[in-house]
Amino acid sequence: MLYVTTTHYLALSFLLFTIGIFGIVARKNMITVLMSIELVLNSVNLNLIAFSYQLSDLTGQIFSIFTITVAAGEAAVGLGILIALFRLRETTTLDNASELRG
Amino acid sequence: MLPNPQEYLLLAPEILLASAGLLLLLAGAIGRGMGNRESALVSVVSLALTAGVLLRVHSVVPGRLLILNGSFVLDGFSFFWKLLVLTATALTILISIRFLDEGNYRASEYYSLLLLATSGMLFMASGYTLLTIWIGLETMALSSYILAGYFKRERRSNEAALKYFILGALSSGILLYGISLLYGATGTVQLAELSEGLRAAQDNPLVPLGWLLLAAGLFFKIAAVPFHIWTPDVYVGAPTPVTAYLAVASKAASFAILLRIFYEGLGSLKVEWQMIVALVSAATMIWGNIAALTQENVKRMLAYSSIAHAGYVLIGVLAVSQIGLWSVIYYLLAYTFITLGAFGTVILLERREYAGETAADYAGLARRSPFLAAMMLLFMIALTGIPPTGGFVGKFYLFAAAVQAGWSWVAVIGVVTSAISLYYYFRIVLNMYLRDSGQTTPVPLRAPALVGAIAFCALATLILGVVPEPFIEFAKSSLLPLP
Amino acid sequence: MFDWVHNVPILSILCYLPLVGALIIMFGMKNGQEAAIRKFATGVVFVDFLLSIPLWFAFDRGGELFQFRESAPWIESIGVRYEFGLDGIALLLVLLTTLLGVLAFLSSWSAIHTREKEYYVFLLLLQTGMLGVFMAMDFFLFYVFWEVMLVPMYFLIGIWGGPRKLYASIKFFLYTLVGSVLILLGILALYFYNAGGLLGWRGLGNAPTFSIPQFHAIGASIPPDLQIWIFLAFFVGFAIKVPMFPFHTWLPDAHVEAPTAGSVILAGVLLKMGTYGFVRFSLPILPEATLRLLPWMAALSLIGIIYGALVAMAQKDMKKLVAYSSVSHLGFVMLGLFALNGPGLNGSILQMINHGLSTGALFLLVGVIYERRHTRMIAEYGGLSAVMPLYATIFLIITMSSIGLPTLNGFVGEFTILVGAFHRVWWWGLLAALGIVLGAAYMLWMYQRVFFGPITNVENKGLRDLTSREVLYLAPLVLLCFWIGLYPRPFFRVLEKPVNYLVAKVDPTYATAVAATAPSANSANPRVQAAAAGE
Amino acid sequence: MEFLTAHGADLLFYLFAALAVAGALGVVTLRNPMYGAVSLLLTFLSVAALFLLRHAEFLGIVQIFVYGGGIMVLFLFVIMLVNLHRLPAVNLFSGSTPFAALFAVALLAFFGYFIVHLSFDPALTRPEVFTMVRGENLGNSQAVAWSLYTTHLLPFEIASVFLLIAMIGAVVLGRRQ
Amino acid sequence: MRNLLWVIPVLPFLGALLNGFLLRGRIGKKAVAAIACGSVALAAILGLLIIFDYLGSPEHAAHKGFEQDVYVWVPSGPLATAVDGIKNFSVSMGFLIDPLSAVMLFVVTFVGFWIHLYSVGYMAHEDGFQRYFTYLNLFMGAMLLLVLGNNYLVMFVGWEGVGLCSYLLIGYYYKEDFPPYAGRKAFITNRVGDFGFVLGLFALVAQFGTLKYSELFPRIAAQPSLLTGPGHFGLTLAGFIALCLFIGAMGKSAQIPLYVWLPDAMAGPTPVSALIHAATMVTAGVYMVTRSNVIYQLAPNVSTFVAVIGATTAIFAATIGLVQTDIKKVLAYSTVSQLGYMFLAAGLGAYTAAIFHLMTHAFFKALLFLGSGSVIHAMGGEQDMRKMGGLKKYLPATYKTFVIGSLAIAGVPGFAGFFSKDEILHAAASGGHWVLYAVGLVTAVLTAFYMFRAVHMTFHGEFRGTHEQEHHLHESPPVMTIPLWVLAVGAVVSGFVGLPVERLNVFHHFLQPVVYSVAGAVTEEHTASWIFNAILIAVAVLLAFAGIGLAFRLYGGKRGLATEEAWARRLPFPHRVLSNKYYVDELYDRTVIGGTWGLARTLFRFDAGFIDGLLVNGTRNATVAVSMVSGFFDKYVVDGLVNLTATVLDGFSRLFRRLQTGYVGNYALVLAVGMFALVAIYMFLNRG
């Protein structure tokens, strides 16, 4: 039980994934939501690395490099959108941006 | 293993397009920058060049060719989608010109982003590992987020970008998580190997979870229920040409990878995903059509309609047959022209004297601009699936595929909902032809590129409906191997 | 003299001439030139009508079942061909369409004053669609025309209709579209059964095709349960169009709101498409299902006959009354079809034509006074005989034709239908004959209230009798009513082959027996005890 | 001590896993985004450590550099930019929080159910793969680099386009006009 | 000559075509009259020539009719008949001349011509002179088709055609309210009868696949088993067909219960009443039953039914006739009564007697109607006998002929009615049907009584009308009185063709070939002694005189009106019942007509409300939650399926829109739940 296997990594990744999704769904502040997205991507990376180790295959590591890259790019664009939002509405609360509905 | 450098030559179309995007960006940054029309011209020309190079590349490639260590495939299937995407982008650019004129935003970045997004789509169409496909997808998605928020001083545009971004990132996370699980189960992300690996890993519980999460991510991109939830808001909020681009090019590219992954990567799970796709397809057709019934905003109505059409196309996907594949191809081809045409008409009516967004704005259009009304009528007829339009032939093939494959119940839902769709499509027609507005001033057809694009779309819609045979022949050469 | 029609693609010419006319009007004529547009459009349909006349003479009564065939590949990959052809049934319906087309156009001259250009364009498009439906010999092609025709009709009702036109037009469109998409599914099932396998059924493995004769040929080999499914799919589609009893509610609205020409074409031709669908597809392709569902079909037809007549009786609006009478009349047609014997089929096909003529004429007639008084309420009239004697006479003739007076067309159709129905199940004939009594009641009651009695409304005092243009478009109908009533033989002659073909399809015992009986034989037949005789 | 040497790596896993979860929880619960960012940093670093435990040395460093150095700084900048005024004292959580919590619990329960059905054989792993390049043991960075520039060169190239777009996007959206 | 048979019906049609269309409104009244009367006269002459030609022909010698199929009319197609297997059922436009048609042809053309002629005078001052003659010619054509057709369908054409003309002519005074109503009533009542008629035809077709007399009757007569099999309603096939045909006859010949239209039909011009509602059209039922005698012979119970209906109608109408004060109504009920007499005969199997009475009746009833027309003409349209009286001196010719007619109908020896009526009573008595015989006798008395009541009230006593009317009283012009005299002669001599002596009964022998002797059928034997005959005759004659005498006693001289009032005073209840014609019209109104109408209105409400109706009034803005719970029963169940669907769709649409909240968090939740749902559904589908 104590002996750490890929299953443990998987469990941790599930946990981070769930927490991340919870954050995206539940939080109002866009900055926190962006951070939660990073949590989700980290959980993916954990998976990839764990499987990579399990399978003795480098692809997982390579893949996670790209994941990190994409995470960075998305963070940049996300923060850009955030700034635009802030300029328009003087707030970072998502609930204010709900004019489009129905 | 180092790839043979000559293989990079085969990437010429993609490289060309990406370089064009970059050049455009640079040109826009130098001095006062390039104007709207010039940028659009350059973009269209580069798209045409890309298409030309693409033709050349495919003429030298025999049948199906895997290059770059199995991460990139050149086949008829990718060829079709690339051409489709290039065409859609070109038309999008044509309908953007006037819109940008009025929006007062820098044009060169806009076109540059469109081109770069399109290059992402080209990679999607040809990608043969999940990694390549995904990174192509992200390329497309990231540009789309930016494009949706491009009119950043407009509250709605910003809101659309924000929603699109957050939900897109979440879905991307889900998709990626699925990929990671599949990787865990098989140790590969290359589709052919994945297919092999899955056959070996029948009982691995990672597999179903993996492909389901992957499917969820793909469904998000094609806006299938319940992952469609972003669509209406984003479509309404985004600048209209961008909406058209999302509804057409982005959706087409997403269908391309959906087919590629499901057929080539998950082929051994066919029986399992067929059922899920059937349910999603049914739900999508029902939800999309019914939700559209009470929409007053035309863009929102078209958004729901595009959701519904994704449901129709899924019918072709789940049939897993020759006719199913070509029906998907044919349908998306027709859908591209119809939808672009419809959005083009909306753009032409937008702003200034016409708001163009609520159905009531169309009242009496037949008197004010018989041309526009006739065009819109044609597009609405086509969307409903009434002959002699491409929409009908496409739907015909889709339902045929379903009936042949034994998915009659999905076909029944399809035909019934498409009959229901008449109600909301024809509400616009009703407003145009059957109602009178007080105004009688004619609508000026000022933007030649826009009008030309609309006319082209209309012509294509008709041709697809009357002489489908050449296009079917083309579609037939663009098939995937069946699982 | 008329042999030349065999050397030209006459059917395509007939079918697309109105389309070409529409395009010319659309692109070549301006909104200001109403008079020219009117004359040009009418000229086009008149030429179309003239061109259709040689068909009648060139049609070889004893020859091939389908004649004037045109065939070209269209969508080869799935076996769709562009095929036109006519059998006797379609020939009659095509002639009816071209004739009523001319009359409808003529009647529009004075009725339509707004957006005339669009009006004539849509009317011409409608003409093309209708002709195509009757001429198509490829199921796919048929379906294309079937749906295409909905759009112009929608506009005709929706733009030039009465007060509730918006509601009526979309109702018409939705109803028929729901029906037609189900037809599409049925077509697909047939297609795949013919070509390969379908669902649990082992298919036939023929070359994929949508050819109607091919479907006829394989009809009998389709397993019964599949036949029933396909039949039901067709049924909903065609029954809505007919309309049969529970699907009829679109009809009164559409009729009442449509402009006169629209009503004429709607009643005269469009409704026939439903019955034509049954004749062309349901019966010959799905004989087993037809036999099994016979009681249900007959029940709906009978309900339609009596229900339609009773509801017609309660109407205050003339057009609505005529509309409901259509429900009743089409009930007769359906009953005759499902009698599945010579007289029943002959009668019901002839009755399709009859209904087109007499109901078309009735709508034209109602249109005449509507133009003068702008009301269709029966109560607004009374005593018109005194001021419009000619009108009253023609109206009377048509009324009599509609209620089936001998020597007029309605009688020949109704009588043969009833003979057939009685022969199939005797109380079908009994109940249907009740409909005739009711028919006389509501038509005559309307006639009396409109034409007899003192003139109570001063506005009616100065009504003008028929103008020569009105006489011009009514006279052909009256003459035809008499022709069919007095000497219907040419029509039966045209129908002989297709009807025998149909009967043999549905009931194979006929096939041998009919072959054994020379057409002229009256007695001295071999005593064939047909299975159906005892029913 | 023997226990520690025998299970040192395992204990470290638990430690960092706990820290990562704690950080993640901090992100989604703390009111002030500044504290949230610090929690996120904690998670990033813990995950980096976990990478190291799985013989992904290069990735661990990249994680620290890119996330800890790049992304975190970006976040902090933006937080400072927009937090000039105190955030209004409104609810942290949106209306869908109860559903979200419920859903999270359900998801966890499902994952728990899923996890117990999984088993991986640790004996199959051959960590030398992560350092071998053409038969030579050159270390993880070289191995990753070799793979990245040969087999996975195409995605790498596309990633450049991607980053270009990200750059344009940040500029386009962030720029004042 | 016989080959011109088809021309006979065409001639009047030509007349109608000329007057009605080609020369409509372009010629004067004289020309109109010439065309109309001329065409009928030509038909009559041609008819006579053809009759004589036929009498000398080999067909007649062989006891067959001469047939002529002009063209194939309705070739309906193959049909599986019960006796011949598959057969092409086809009907020709064909004609037949045989003794029965010959009699009918003569009666129709002869009486018809004189009535045409009379009409020229009668209608001289009416509007629509040309229209009148168009209809009248049309009627003649149709009637000739009826009697000359060689198959049931051609008969039916005439049958319906005369119905139409009757409708038109009853409604001739269309500017008033009542005549059109009466016309419609006649037409629709007839349609009820036709309903039966066509059913009978269908049954024949289903059995034999033909409607031609010459293919049906000889064959049935030779092989009765073809029709003695089971039919419908528990009758034999013959019984079913006979009953159906008789229902048709009931309508056309105004028998109980379908007689109600005939009295109302008097709203038409009087010559029309004479021609259509006395002499020709109404007797078509008798002709049809006689024509179908083979079938009736095979259905004895239906024949009895026919006789009973006939007898009942006879006495029933006669009683009503007792109290009528409208001179035409008296004659109308008298006609109904006499038609009942004919059916009594036909039902008893005395077909020749029925036709004999038909013929004599045609003469004297036409005469009576024309006479009454002359009176009405003179009175300026007045029809109420209470306002007449003493017209004898003003209208001598009319008076004389009217009395002759009355004597004939009363059965006074030497006049036509005596012979024909006697033959019928004889048939009843010799067959042992004493009840029917008694009814016949009573009817005869009543007939004699009410006819002479009418004579007295009209012509005797003193004038009771206004001075103005009296001032205008004058005898009709010769164009009207000549037909009266001609018909009066007919009313006397036409009886002598059927003397009540076996050997001398020319008429009986002449018609005999038409009455088939059916193999195995029981036929009534007329083998009574001459004493028996003499007694019967004596009783009948005595009673006829009794009736006449009673009428004189009560209404003679100036007593007329007083008696009339005393009637109502002393016997209020019977008088009221009879005056109101037994309330049959009211009964029909309340039951059949009212019922149909109620049903029609209800169905329409159903149509407009249930099957249709919503979309407009539906709960547009109600949410599905509300409409599902509260609105479900009272709204959806009432409003109907189509709109239910529409409402549900609409509601769902709004629900879906409501789910689109606009909050990103919610959307993310939907995505996450959707992901979870995919997995859950997958697991559910692949469970176990």
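Quick notes on this structure:
Going by the order they are written in, the chains are A, B, C, D and E; count residues from 1 in each one.
Methods note: contacts are C-beta pairs under 8 Å (C-beta built on N, C-alpha and C of every residue); 3 or more make two chains touch, one makes a residue touch a chain.
Values in this document were obtained by computation on a predicted structure and should not be read as measured data.
Taking the definition of touch as given, a chain qualifies here only if it contacts subunit A and subunit C alike; those chains are B, E.
Annotation: A-D is the more contact-rich of the chain pairs A-D and D-E, by number of C-beta pairs in contact.
If each chain is reduced to the average of its C-alpha atoms, the one that sits nearest the average of all protein C-alpha atoms is C.
Computed centre separation for the pair subunit C/subunit E is 35 angstrom, with centres defined by C-alpha atoms. Centroid to centroid, with C-alpha atoms defining each point, subunit C and subunit D lie 72 Å apart.
Look at where the CA atoms of subunit B average out and do the same for subunit E: the two points lie 76 Å apart.
Per-chain CA centroids place subunit A at a distance of 26 Å from subunit B. For subunit D, the set of residues touching two or more other chains reads 94, 96, 99-100, 103, 107, 114, 118, 151-152, 155, 159, 162, 165-166, 169, 172-173. For subunit E, residues that reach two or more other chains under the stated contact definition are 657, 660, 662-665, 668-669, 672-673, 679.
In subunit B, the residues that reach two or more other chains under the touch definition are 131, 135, 138, 142, 145-146, 149, 152-153, 161-163, 166, 170, 209, 232-233, 295. Taken together, the chains touch in the following pairs: A-B, A-D, A-E, B-C, B-D, B-E, C-E, D-E. Against subunit D, in their complex, subunit E makes its touches with residues 663, 665-666, 669, 672-673, 676, 679. Note for the complex: subunit E touches subunit B at residues 649-650, 652-654, 656-657, 660, 662, 664, 667-668, 670-675, 677-679, 681-683, 685-686.
The touching residues of subunit A, when paired with subunit D in their complex, are 2-12, 14-16, 18-23, 25-29, 31-32, 34-36, 38-39, 42, 45-46, 49-50, 52-59, 61-62, 64-66, 68-77, 79-84, 86-87, 91-95.
Within the complex, the subunit B residues that touch subunit E are 162-163, 166-167, 170-171, 174, 208-209, 212-213, 215-216, 219-220, 226-227, 229-230, 232-233, 272, 275-276, 279-280, 287, 290-295, 420. Only residues 114, 117-118, 150-155, 158-159, 161-162, 164-166, 168-169, 172-173, 177 of subunit D touch subunit B when the two sit together in their complex.
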